[in-house]
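So, here come the structures, one by one.
Next come two complexes built around chain A: one with chain B, the other with chain C.
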Partner chain A sequence: MPELGLLALPLALVVLGLAAAGLDAVLSGGRASAPFGEIARLLVQQRRRTTRPDVLLLRVGVISLVAAPLLAAVVIPLGDAPVADLSAGIVWFNAMEVCVWGALWLTGWSVNSVFPLVGAYRFVAQGLAYELPHMFALITVALGAGSLRMSEAVQAQQGLWFVVWMPLAFLIYLVSALAMAFWGPMSQPVGSDLAGGVRAELAGPDRLLFQAGRYALLVVAAGAAVPLFLGGGAGPVLPGWLWALVKTVAVLALLVWVRHRVPAVRMDRFTQVSWLVLIPLALVQLLVVGIVVV
Partner chain B sequence: MVVTGWLLRRAARHPRPFLVSAADGTRARLRCEAEIARRRWRPALSPAEAGLLVVCGAPGDELSEAVRTIWDGLPSPRARADLPGDASHDLVAHALDRAVARLADGAAPGRPHGGPDPGDLPMADRGPDRDGLSLDRLHVPLGPVLPDWPSGLVVETVLQGDVIQEATVRWLEDGEPFWAEPWDRAAAGRPVTRGEAGRRRAAAHLDGLGRLLSVAGWPAAARSARTVRDRLLADAPREALTAPYERLARQVRRSGTLRWMLRGVGPAGDGDALARLEARLTATRAAIGSIADEAPLDEDRPAGNLLNPDLLVGAELATARLMVASLDPGPAVAHA
Partner chain C sequence: MAVAFWILAVVSVAAGIAVFVVDSMARATFALLASLLAVGLAFLLIDLEYLGVLIILMMVMEMLVMAVFMIMYMMNPAGLMPMKMVHNHRAAMIISAAVFVLLVAGIFLTSWPPRGGEPPADPTHQLGLAVMGPKMLVMMVIGVAILATMISTVVLATHRGRYARYGDDLERKRPLDPGEES
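Right, the complex of A and B next:
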């Protein structure tokens, strides 16, 4: 099964990423085929060179933006078991997703241009705002499952999905999923007010990798919600992997749809809410789960 | 080669246009934006993202220089369309078709790999920031070419981090004559109805609203505003405009997030950005309500907002852009 997963995982990421991009294009008034056109365009497009870029750091930045979601995805069960069922899978997922901070900062800084740099500042501020509530949401799941292993988190939900008795943690997770993929309401780091922010100067293969990494992040963020909160592959009639896929698509569609319903949130206002509202809520949720478990 | 050709042809069906408009290019820009929306192309946010540069109207010296820089930086394959300010629908469509054909051919290669090394560029100087830290001071002009930015505006800023420490405001041209046209014609003694002026006024409000919503990171709502704007300018009757406009206004008013983000931003004589948004929605509704009015136009054009650079000092870039978009300023008019 893990060998099969090794093949299925990249395939699933690509297909789901393209589906998300297609849905987003349609909701943006474009055509569903737009992502394919964009890939073709970026494949033949020249790189853009700014004055005195740090090319090495730029490459490291955009490549790690693709690598981070791939590595995060190996602990997500596609049905029964993930590609790598690490004993600290939840921590691994969190660690890989934090690599995105570095990737975005390097990309924004290395092109030596103001708007990408400001976009990178914004992402660091965003990280400070979302990461703590996010970690508490993940810890709540681990506490409920009594394990940091993803497969055991799924097993612990055989009777009752975590979303039912940890709804606050689930909502906080969804908000932080948007933030980690700098998507929709949390897209200020690549905001249109900065002419595209971190990616403002990227063209050709660099932009292709950046966009691929961003959609992969979105898919992984949606995919991880399934074993963490939505019972993994549990469901009647259909096989486990298909249920996991159906649930992932549902969360992914929700995240894509939110982008078209909610304007962007600035961190100078959100950080306060995050620290004064989301963190206390996450702690209350943790406390409730802790009492139930004990 | 075969693969490249196939990719080029596929890519040409999904061009990413980047529009630049001179003061006299408003009509061409609006027609072009409507045509781009009809073709379901997605506009680019920056020159690096774009493959198609569209220049509307006749830019003056400084804007021409900016356009040249942008064209030089546009990655190949690329195409360019220059539209006269009064370009007709057919001309716009024809120019875009030709640009697509050139993109499919892969012609007009860009400069191979960027500009020359500039040699000794001075490092950024430093100064204390608002927290007393010594930080780099970057001299950054906002405009004249920036998406969702008022035509002809340049704000010269000194940035520390993303905070504006100093700002000066310049206008390259005397404002967009297109939006003042009905009043100018009436002043010249020609017959103009109130409805005609109301239609132009509503379209101007929606054009500005589109910029504000886009800067606020809500592209879907910005698109709705532009759709209503395009219908207004395509002479749709009032009955066909009221319902979509009301839907848009309801959606915008109901967004708690938007209110949260605009409250307290850019306080001026007429309130903050949120109050200005509300005023704009009310004024748009009134203007749309008046478009069937056949009475002759007998009032002056309402004065636009001015941009006070002091407002921007101390603001972060994101807030500064919201301030500018919510004011939707024009140059001070000397002759009025």
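Right, the complex of A and C next:
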């Protein structure tokens, strides 16, 4: 049902994004309706003007932060089939999620202000740290499934979910999901020590799009974990799409909860851990899966 | 299909020209990215899905690595000030125009051989076999060359090595942060 998926996908992204923002507000001690108030406030707020911004690149940056998770989501199966079942779907997901690097750097650079620029470079550094283990985790899934197609990755988990026999890859994926959405412990690019980092100078509709893109990223990162590691729509009684939704909500809730339990990690420390610990672990996991498959 | 190809071709050439026309490092970087993304999308038109998506993935990362090189090597590290994107402006224009004309003339004057054989059923599989088989040596050499380049560029740019972080005998348990005195 690709046509139905085309309608359901943006709807699911919006609803899950609002749910994540609501849960985050509740965990911060606020009310679950807080995101709606924030949206209303940002809609009527004036844009902030800085001295000599590069407006073209700013627009490109903010809009591509929303477009990247949307485009990444088209290969995630909602139940049985994704909107577009590309033969290189896993690589497509990876490519779109890397576009966030460009989006954040452009946003931080183009407002012509110090803190956003520092935040942007923090994110690029974080990206260089998380991307290699993340890619190895994705490759492990592709190796286990014998295919780069998302639906075939789901098919391959009919008997046993990948999370069971590649737990390290799943953990690495979750860490990189946090880093990808600059969320929780990996939120230094928008850290309060930088007065908001990349988004420091954004106000009004720009900030609304930025926040929406960030929550969409978090949702897509959680949603992709389901076909990649958690058996997609597999489960008893309930229909496939509902199982996919339930699992996505569970992963999303975990990611949001982590923000309130784990302190921020500096990206140079994270780089060290990532390259010296996570990459070797990912390679060992890849080796184990390779041996099992062959 | 033909329409899509021509649109992508024009976008890629126009963005390529824009790289040398704009006066900001960031705009030049992202104009180059736009040009390369159009090339990646053109690969999708000939059903080379994996290669096309891989080009998109790699080019985005490469352009952002270029942004890191901006702070590693440039006198104007943030790239915030306007600057000309060509050195030796007039000669550069003449040389690049001459090379472009030469290449285009080559395309039209060569008598291309007729197509032999059919595209494989699964080009991604075929690519994997080629990389892991007859092209293995080339890929290994390129891989090592890229790694050596990465390490040497970082070594040239950084002012703090592990001895600055861990002490002359690497004796410190916790590395010193930038700006922290021992």
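Convention: the second predicted complex is superposed on the first by the 294 of 294 C-alpha atoms of A that agree within 3 Å, B and C clash if a C-alpha of one lies under 4 Å from a C-alpha of the other, contacts with A are read in each partner's own complex, and residues count from 1 in each chain.
Note that in this section contacts are C-beta pairs under 8 Å (C-beta built on N, C-alpha and C of every residue); 3 or more make two chains touch, one makes a residue touch a chain.
Everything numeric here is computed off the predicted structure, so don't read it as measured data.
> When the two structures are overlaid on chain A, which partner does A:Ala8 contact: first (chain B), second (chain C), both, or neither?
A:Ala8 sits against neither chain B nor chain C.
> Should A:Leu106 be classified as contacting the first partner (chain B), the second (chain C), both, or neither?
The second partner, chain C, only.
> Is A:Ala203 touching anything from chain B or chain C once the two structures are fitted on A? First, second, both or neither.
Touch status of A:Ala203: first partner only.
> Touch check for A:Gln46: first (chain B), second (chain C), both, or neither?
Only chain B; A:Gln46 stays clear of chain C.
> Of the partners chain B and chain C, which touch A:Leu194 in the superposed model: first, second, both, neither?
first
> Would you sort A:Ile279 into first (chain B), second (chain C), both or neither based on which partner it touches?
Neither partner.
> Considering only touches as defined above, state whether A:Ala253 meets chain B (first), chain C (second), both or neither.
neither
> Looking at chain A, does chain C or chain B touch more of its residues?
Answer, by number of touched residues of chain A: B.
> Of the partners chain B and chain C, which touch A:Pro263 in the superposed model: first, second, both, neither?
first
> For A:Ala67, using the defined touch cut-off, is the partner it touches chain B, chain C, both, or neither? Pick first, second, both or neither.
The answer is neither, since A:Ala67 touches no partner chain.
> Could you pull out which residues of chain A sit against chain B in one structure and against chain C in the other?
121
> Considering only the defined contacts, which chain C positions touch chain A in the complex?
Per the touch definition, chain C meets chain A at residues 24, 26-27, 30, 33, 49-50, 53-54, 56-57, 60-61, 63-65, 67-68, 71, 78-80, 124.
> Help me check something: in the complex, which residues belonging to chain B touch chain A?
Those in contact with chain A are residues 4, 7-8, 10-11, 13-16, 37, 40-42, 45-46, 48-49, 51, 73, 75-77, 106, 109-110, 113-115, 117-118, 121, 138, 140, 146-148, 159, 161-162, 213-221, 223, 255, 257-258, 260-261, 316-319, 321-322.
> Which part of chain A faces chain B closely enough to touch in the complex?
Against chain B, chain A makes touches at 25, 27-31, 33-34, 36-38, 40-41, 43-52, 114-115, 118, 121-122, 185, 187-188, 191-196, 199-204, 207, 259-266, 268-269.
> Please output the residues of chain A touching chain C within their complex, sorted ascending.
Going by the criterion above, the answer is residues 54, 56-57, 60, 86-88, 91-92, 94-95, 98-99, 101-102, 105-106, 109-110, 112, 117, 121, 124-125, 127-128, 131, 148.
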